[in-house]
């Protein structure tokens, strides 16, 4: 009897307190997406009426120990999601450790009446396998690759590929011929970046095609290089060219050599060589920095034809101004295929153009929609990750 | 020692400059010295940072920490590195292609995704992004906005975010309160008696002017500065925004007009907090800005057209790409002209060196 | 005659350039600044607003090759800081080459203002490590720089006792000829909300205005022009008697631009006359 | 096989790296850093090849007595100068760490360091690791520290403390248990790099690595001292730090500042002349395009010359109040930021497409130029 009374009173008391303040409901904890696990776990919950702040409690699952408070956050400072829920991100998590969370209310008034929510499901902070914000970049790359493959197939099947003429490259033959007449060497400067830069590969392609023409006319190709690996590659390609042309005697390791890997030491040396050897033609292909103009001007000063091309948009203006012929922008990457008339590679140019067209369309449409305040195309291109 | 250093410095500087006249023994000397020296420097760097720093120390560390995988990785790398030397052994010389392959694969593999992100997506985005955010307000002023009139605290809120709102501003609620349009204008004339010009020239804020601003409903903050342009009759009053005052037949005239659109929307970041972004609406932006944006857009489109390889540049395409060439040329000319300044300063550097160094040799 | 002008030997142009650069440099012909560009004014006002004893950190991220443009900026800034009794920390975050340049200039200007190493200013120099260093300085400067350039432990440097990290630094100025500004902006401003200003070469300036508009930085000094403007401001306020290289340098820059424009104009006139003659003959 | 293997390797690595970009997981980050190291190590070997080529070329010039062969000797002089300077710095023993009373030399014999010497050294202001062995090298003694390493479980407190650059008391105990002296936290600087921390104090370094809740503590640097052969005037034996072959020594620095920098900077400054001669040639109104180039260029130069943009401009057009202030600068910025920007963007987009296409050609194995085909 007595016990009943106590329990009853207790029950009433309890119910009153719990009536005084509701616990946060629908507490959910999920791993933060698109991270390596170090971003932690995000906890979301419905705000509880009358609560001025929330305390986040955490304990390791499968362990008996009491939940510990990992953070307290005032209600007005908590992140409000658009569905009215609140969010807290726990970044103190250990990777792959299982946790359960609770959110407790707390109020300013001294008699600290708190209501604690139910425990969340077990959650771990794990590294994710895909970065959601990058999906459109993936789509773009896949499309590009697919188109490239398609056009390679088309080219294999013998489809003719039209490529507009690139005026700067029509000068190659003439320049080689000139060198032959004057009996002077051709200088080829493959830029100041390593083999890991696409521009350098493009340059090597051009080198090959030029060399094969020059070797046939028995004109010497001289390639002072900035990067040892590039030097090696060019040596081997020149060797191949010579053997292919049936003139292995034309190959000399001293024509393709390493000069220096310090920018202006390289420039100083190359300037000196140009001034002394007086080449008939100077090719400046690849990636260049400030030295571009020095090289071009020195080449001009000894009356050599300069044929330039670079993927550095800051140096293009100087080549345009100082050189006789310049490959503008991406013409550099097209050049190799263009001179060799290599069907497959020309095919990839087609693919490249198609992608360009695609971007073209998306920009026009997207721009138009943005003006009408419809932003979804715009947001495809948003790179704020 | 110091004098010797200066002496060498001067001598070598002159040697290099002499190349401008023509190639000569002095330059050739300096050139070869430079080549050798630079290579020598690279040797030190390679030994210290390369052999010791990159290879030996990490190998040693991994060994004595018992990190076998790390150790294996480094060893494999070293082996591939050694393959460079196979080029001198005819039979296996092809093995040198393996380090090539790694370097190239590495380059290509990195180039693809990052160029897409940095050079394509970023540029396209900023080209078609016609509605740029001007500033953002706190979320909790929506009801203030909904009242449709510019109250004192609304003005305050705007001021906090560096914008101006006068009491006369008209606020329209569009599209079920997800969007507001605010048309506002700050305009007044002051006859000269109120503003003592000497005061303006003393960079003080004249009371008359303060008064005039107050009348127009814009409290200038105490940090207000006055800037005077050299040719008279013009003052610029810099507050958290800038007003341009000009003298027009004996009166100071100030006229600023602007239209904001306030929009609720998500932040681009994954945090889904709701913010109010203040846009200067595309059509209500100054016609000049509209023009510029369109010009950039057109420019990009046309210049891109120039790069189409698979079509003959005739007819429409030819026309468009011609326009593209115009942009390219203007851009290049500008870049060229803009760089002169930087290059000159390099020369100035050397010249000042010579001018300071040569006297110092004679104890000057 | 016209033909000669059109096919003029490059060396004549070189000669003109040389004269235009050397003569003003030797005679120290300064070009007074007429208007102060906003970006400079803003930086000046920021420093002007500081109380004595506040700390300014200057990072010298430029090599000897761009010294001409940025050293005058450094000098002007130092004059201003020391005259206002601010305490200055010098570092080289990105570039190793300019440690000596910076150190000497610090000592020189400090001497002019009767400041002593240790209590009033110190120079920490260069530490390899790149980006992590920037971030670590947000936690604890001495974790990046246990010692200064004189190999003196930071704990023995009086002013550094009170300065643990960015919280104790009122302003960071990055004088850059390399790509360092984005890092300072994105990480030091972005993560630590550190008040930030820049001094950059004339070529870099236009890419950095957006940061100024976005309020990420409180001011930019644009190349020699910026230096000259700043010199004008501090001389106007009698913070220093010393005439700076900025004005001279800017003078040289101006003269050379003028010369270049004239050359181009003349050669075009000649070009047109020549063309008309030809068409007349034909 | 001589063709396939390299191509397959190349494509494999390339595509893996492309995929990696989309995977935030730590494993993929590790993969990236591994590949980075790999290529960095390759570069070191490549440099040897390059150096070989350089030496070969100049030796040959000297041997063949080709024109200007004498200068090739200069190259070798330069080539040797820098490493020699570095050697000089290396030999010139760096700053003295402490000094040891000469009479203690008798106490220095191979084996563990005697207590008296240790005491003397610590009094000399040298913080020594707990376990050190002495080894006589000719007339010198090398005080070599024994490597220590121990693993312990890491509580999250310890980690958070370390991240804040502090040392947790528990951790401190864990050190003392293994009688590794860890001075008061003020004297210990903690550098945190990701999941690794470097505890540094005087001559003591501890590297802490955290994996799978286990904290591995290891000494990754040996603090080696050499007790000098020639007693200085005071009769004491100077104690020096072990030396390092470095580019930051005084002699190297001297060479760098007095020989290298002048050459480098002057070479760079030649641009001022060449940009002028290039402008003189290129900026002629031959064609429509050239005219545009010319105009844009001249306008920019005008605006960039304060003398013209300010004084000159104001003296001529200052009266025209309807023009906005600093008009030349406005025009300049407009050209750069509107038409200039447009062209730049388009070119960069184009270049990007070109580069991607080029990279695909390589990874798909249709561009084999790099194999010399």
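Points worth noting:
The first chain written gets the first letter, and so on, giving A, B, C and D; residue counts start at 1 in each chain.
Basically, a contact is a pair of C-beta atoms (placed from the backbone, for glycine too) under 8 Å apart; a residue touches a chain by one contact, two chains touch by 3 or more.
Please read these numbers as outputs of a predicted model, since none were measured by experiment.
Common partners of chain A and chain C, by the touch rule above, are B, D. Comparing mean CA positions across the assembly, the chain most remote from chain B is D. Counting C-beta pairs in contact across C-D and across A-B shows that the higher total falls to A-B. Of all chains shown, B has the CA centroid lying nearest to the centroid of every protein CA atom. Distance from the chain B centre to the chain D centre is 26 Å, each centre being the mean of its Cα atoms.
With centres defined as mean CA coordinates, chain B is found 19 Å away from chain A.
Once the centre of each chain is set as its mean CA position, chain B and chain C turn out to be 17 Å apart. Multi-chain contact residues, meaning those touching two or more other chains, occur in chain C at positions 10, 14, 17, 21, 34-35, 64-65, 202, 206, 253, 256-257, 260. Residues of chain A in contact with at least two other chains: 34, 134, 137, 141, 194-196, 198, 201, 229, 232-233, 236, 259-262, 264-265, 268, 276, 316, 318, 320-321, 328-330, 334, 349, 352, 356, 359.
Contacts with at least two other chains are made by residues 18, 21-22, 39, 42-43, 46-47, 49, 51, 54, 68, 256-257, 261, 263-265, 267-273, 275, 277, 279, 283, 293-294, 297-298, 301, 304, 310, 314, 325, 336-337, 344, 347-351, 353, 355-356, 358-360, 362, 370-371 of chain D. Under the contact rule stated at the top, the pairs of chains that touch are A-B, A-D, B-C, B-D, C-D.
Within the complex formed with chain D, the residues of chain B that make contact are 1, 4-6, 8-10, 12-13, 16-17, 19-20, 28-48, 50-52, 54-55, 58, 61, 64-65, 73-74, 76-78, 80-82, 84-85, 87, 94, 97-116, 118-120, 123-124, 126-127, 229-231, 233-234, 236, 246, 292, 295-304, 306-307, 324-341, 343-344, 346-347, 349-350, 353. Listing the residues of chain B that touch chain C in their complex gives 20-21, 162, 225, 227, 229-230, 238, 338-342, 344-349, 351-352, 355. Chain A makes touch with chain D in their complex at residues 34-38, 92, 94-95, 127-131, 134, 137-138, 141, 144-145, 148-149, 152, 194-196, 198-199, 201-202, 204-205, 208, 227-229, 231-233, 236-240, 253-254, 257-262, 264-265, 267-268, 276, 290, 293-294, 296-298, 300, 311, 313, 316, 318, 320-322, 328-330, 332-334, 336, 344-345, 348-349, 351-352, 355-356, 359. Residues 8, 10, 13-14, 16-18, 21, 31-35, 37, 64-65, 97, 100, 132, 136, 139-140, 142-144, 146, 151, 155, 202, 206, 209, 225, 228, 250-251, 253-258, 260-261, 263-265, 267-268, 271-272 of chain C are the ones touching chain D in the complex.
For chain A in complex with chain B, the residues that touch the partner chain are 33-34, 79-82, 87, 133-134, 136-137, 140-141, 161-164, 194-198, 201, 229, 232-233, 236, 259-262, 264-265, 268-269, 271-272, 275-276, 314, 316-318, 320-321, 328-331, 334, 349-350, 352-353, 356-357, 359-360, 362-364, 366-367, 370-371, 373, 375, 377-378, 381-384.
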